[in-house]
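Some structures to go through are shown next.
Shared chain: chain A. Partners: chain B in the first complex, chain C in the second.
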Partner chain A sequence: MATQTTAATDAFYKQLGRMYGTYTGGFIAFIVLLAILEQMGVPNKILGYFFVFFTLAVYAIIGVATRTAQISEYYVAGRRVPALYNGMATGADWMSAASFVGMAGTLFLLGYDGLAWVLGWTGGFVLVSILVGPYLRKFGAYTVPDFLSFRYGGNFARFLGVIVLVCCSFTYVTAQIYGTGLIASRFLGMQFEIAVFAGLVGILLCAMLGGMRAVTWTQIAQYIVLIVAYLTPIVILSTQHFGIPIPELTYGKAIAEITAREQQLVKDGLAVLCTQQACPAGTLRPHIQPFMNYTPLNFFGIIFCMMVGTASLPHILMRYFTTPSVREARQSVAWSLLFIFLLYFSAPAYAAFSKLEVYTNIIGANIDALKPWIFQWGELGLIQICGKNAATLQTAIDACKAIAGHGGVLRFQDFVINTDVIVLSTPEIAGLPYVISGLVAAGGLAAALSTADGLLLAIANALSHDIYYKMLDPSAPTIRRLTVARVLLFFVAVLSAALAATKPSDILAMVGWAFSLAMAGNFPAIVLGIWWKRATTTGAISGSSPAGAYACSTSWSRGISRRRALPTSG
Partner chain B sequence: MAQPSTPSRTSANDEAHWRKTTNLMLIHLGIWFFFGYIIHMFVVPLNKITIPVVDFPLGFYMAAQGSLIVFVVQLFIFAKQQDKIDREFGVAEDD
Partner chain C sequence: MTSLLNPETGQALINVAQVMADPKWLADFPASAANPLANRVGWFDLNNINCGLLGMPLGFLVIIVVSLMGKEPSREMQALIDEIRKPRGRTVLEEKT
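Presenting the complex of A and B:
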């Protein structure tokens, strides 16, 4: 039996490598084809639509092709996803629109202090591996509430687990669908509601027929798109600037140049330095200097909350239920972190290259020498010059003229850029063809869709498995359980898309609470349940710490208000 | 739902296995704490050191890349070590 399984897994493995290898090659060929079309004069808008609909179609095909009628395939992908592939899927599951679009912008704005988010979102996986993930796999549960019920006995713990899961995942998934709409509308000029609807269809086609199995194979495909899209522009930029195609090595030089440039700007009177005594808005905070935006307590608080939060999110933990063994679950966390690391350790390079560009070619330059890409984003209200949206050169000139004593040279405080623009505008800053911009948009969509898939599945599975099957109708036949799971998935998806289409403004604060709720509600109960024999139901329920939740949401919202990034975590 | 385990397991064996597992967990938690928190408390003095050739200030580098690399490597090593412990006590799953 054992050897048979291994042989089957091996064959499966080899086939997977070939499949995803071909897929990656196909994707690159597709980019090259679009690049040729661009040279032949196909308009940008058409290219953008090609990117969105072609990638969506591929995800949908994978989703439909891997449909299943088996319970264990639907809930845990048959528990035969090899460690490496599960790691890739987890990477896509974890990295959302905020990681893809917002992270680099946060680092641009906050400099060193922004690294708290990077540290928190990677270090959390250490906790997943050594404290949580593999042990949950050992229990053989289908969902996180399943584990809570096993461990603490009875349906009350299960019910609480479902409440925590649904509350934290629903706001989060709404934010993802919202992110889909934002990327497509800002980037491809699509109407927001249409973009949300397209995203919804993509998600449903992926997740509804094949459950976890389909989501797994789709997420791997999405990971490949998002990582290629993220790395391509900065690799090109690094080669242009420093002659070496490894941006993670070369941006050290960019940072040194930024520091020199910062001092020069202050010396020339183009910027006012932020100091301990006086640090109002509009003053320059040196890029590498720590604790200019956060206090040290805040900084370490964010790291801690993000780490514990990561180790409590049900849609991440449930990915480790799909590996063939506990051993592979452990290896899989390591692979996940490696794949996530590839993006997070590149994000500071984006921030550094953009900042260098802004400090060299924008601040200190004459207003009439500004490059056209600025006005494209200014028109969308994402870049402001002298306090006004820089829609055209003339508005910028007029706005600055209105300021008394303005000499026509841009000062540090005259230029405000929305953090989302950093990643999206890098291809244009580098003067790359539009096809690279389209690629970046496709990557952002992949990041948002893959996270939304995982979250929706987590919600629908908890409702269908824990509430319907375990609590309401334990004798339900397989076919009915699957139908219920699919119907619930459909309704949850439509509900969150409908909510996203109303552009809820409080979603930022809500996601902060979602993260904190997952952490306070799940972490103590799961970790103590695994590591402390005497943990009891009452203890676990009362152990969910409201104080911790409060502390974390406070630092979160403080971080958020400075980030102004896409309203999503992870 | 429980995983199949080796029938010859004794409670003494189990306890020794759990002790080793817990120790390994604590060691890795220590490494995590050091690279997640302690080292970043010294960012200001560390920033005075510049890494040659690539020009990164060391304090910034640790938060942007150094700690992250440690986390990744640590998890691969942890997976190996825990597997070794599981095999030693005969509680590993069949290959």
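Presenting the complex of A and C:
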């Protein structure tokens, strides 16, 4: 019997390997085909449509093909996702628009200080592995509130768990839907507010019918797209600049060139050097100088919050509920870290190559020689030249002319680019073929969609399983439970899209709040629940509520005050 | 505790008395109602993204203190927690499917 099971498992693993191998080959062939079409003169807009619609269609097909009407398949993918594939799905679930679009942009803007995000997000998986993930799997719950309810007893602990889950996941998913809107509006030429809802259709098609099962197999496909998309431009840039196709090895040389270029810009009067933390906006902060943007306390605070937040985010923790065993859950964390490492280790290099291109091709150029891509982002309000949104070349020229003594050459302080644009525009900044831009957009979309799927599922599952089934109607039949889950998923998705359409803040900030919320509300109750037998129901209830409320109030009120967030400085 | 300084300029970010006197902060309801100064940054000069840095230790502290003050969990529950920590063996909670 055991031999039969092992043989069946081996066959299943081989089949998965064949399927995703074929998929990867097909995706690379698709990129080559579009590159050929570009050489034949097919317009960029058409190529952009191909990238966005083709990838969305593939995810939707996987989502629909893996639909299910079984509860365990819907909530935990039948608990038969192999460690390697769960690692890949967790990688996609984890690497959101914040990682793909926002992180390199933040490293570009903050230089050394931006490393706090990379360190925190990578280190968090050590905590998941040691403190939380495998133990929740051993417990065998469907959701994190399920664990809290069983461990602490009663539905009040469950209810608090759901509140924390909804607060942090909703903040997080809004950032992802904002990311899909940003990409869709730029590459499909749609109005942002409409693009947000267009992206939503893709998200819903992946998650609604098949729940965790569909999301898992879609996320693996999305991981392949996002990692190819992220690495391709920097491999090309590394080869172009230094003749070595491994950006992590040439990163140091790029940093040295950035430092030399910064000194040159200051010498040529094109930038004003900032030498301490309190500098006016528009001054150049050296890329390699630490603590120019964050105080040491805030720098290490971000590392700590991102680490602990990682180990508390319900949509990540629930991924480890899908493995066949506790052992595979532990192995899966190691695989997740490897797949995440591939992107995170490259992000500082991405930021460095991008910055080098900006310092070489944009700062110091004549205003009338600016490239058209700048105006496409400027139209969305994401690039400013001389203090005005760079919607057209004439707007930029007029804005700079209005500045007394402006010589018509773009200075450092004249160019302001939103951090969310850096990754998406790097191929254009470097003058790479448009097919690379389209590929990066497809990667960004995959990252945002995969995380949004996971988050929406976490919220809908908590509401349908924990609130509806466990608290309101424990005798509900399977079909009704699934219907409730799907309806809730739809409404939560629409609500977050409506919020994202208001551009509440930049992606990284929204994601940062979600981590702090999860950290404050979930971490103490989960960790003490596993590691301290003396923790009681009253203690958990009293501890989760004030901590979560504090974090919610600070994060959200800050979010309200930043509703009109403008592009961050360049 | 209430330094409320802009980490960039070192200037005071807000006049507390003025803000509390100004009914406009109510417009931020419900978040600001819970903590009207929160959106201005500030305790220990912490960036608002790091608010978990204060919330999490508070959570740990409250759970530990309140738990120690009450009756300890049942022996069955303590045995179950021991079981969860073992890497081998069957899943503790089998859900009906």
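Note that in this section the second predicted complex is superposed on the first by the 453 of 570 C-alpha atoms of A that agree within 3 Å, B and C clash if a C-alpha of one lies under 4 Å from a C-alpha of the other, contacts with A are read in each partner's own complex, and residues count from 1 in each chain.
Throughout what follows, contacts are C-beta pairs under 8 Å (C-beta built on N, C-alpha and C of every residue); 3 or more make two chains touch, one makes a residue touch a chain.
Computed from a prediction, not measured in an experiment: that's the story for all the values here.
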- Task: Go through the superposed model and pick first if A:64 touches only chain B, second if only chain C, both, or neither.
- Result: neither
- Message: With both complexes overlaid on chain A, does A:112 touch chain B (first), chain C (second), both or neither?
- Response: first
- May I ask you to decide whether A:330 touches chain B, chain C, both, or neither, giving the answer as first, second, both or neither? both
- Message: According to the stated criteria, A:72 is in contact with first (chain B), second (chain C), both, or neither; which is it?
- Response: second
- Message: Applying the document's definition of touch, where does A:19 land relative to chain B and chain C: first, second, both, or neither?
- Response: neither
- Message: Which chain, chain B or chain C, ends up touching more residues of chain A in the combined arrangement?
- Response: C
- Classify the contacts of A:150 with the two partner chains as first (chain B alone), second (chain C alone), both, or neither. both
- Message: Quick check on the superposed pair: does A:139 touch chain B, chain C, both, or neither? Answer first, second, both or neither.
- Response: both
- Message: A:42 in the overlay: touching chain B, chain C, both, or neither? Say first, second, both or neither.
- Response: neither
- Task: Could you pull out which residues of chain A sit against chain B in one structure and against chain C in the other?
- Result: 134, 138-141, 150, 304, 326-327, 330, 531
- Item | Complex interface listing, chain A residues touching chain C | 70-72, 134-135, 137-142, 146, 150-151, 153, 277-279, 294-295, 297-298, 301-302, 304-305, 308-309, 326-327, 330, 509, 512-513, 515-521, 523-525, 528-536, 538-540, 542-544, 546-561
- Query: Where on chain C does chain A make contact in their complex?
  - Reply: 7-10, 28, 31-32, 34-36, 38-41, 44-56, 58-68, 70-73, 77-78, 81-89, 91-95, 97
- Task: Would you pull the chain A residues touching chain B in the complex into a rising list?
- Result: 2, 6, 112, 115, 118-119, 122-123, 125-127, 129-131, 134, 138-141, 150, 248-250, 252-253, 255-256, 288-290, 296, 299-300, 303-304, 307, 325-327, 330-331, 333-334, 337-338, 341, 344-345, 348, 531
- Name, in rising order, each residue of chain B that touches chain A in their complex. 1-3, 22, 24-25, 28-29, 32, 35-37, 40-41, 43-44, 47, 50-51, 54-57, 59-61, 63-65, 67-69, 71-72, 74-76, 78-79, 82-83, 86, 92-95
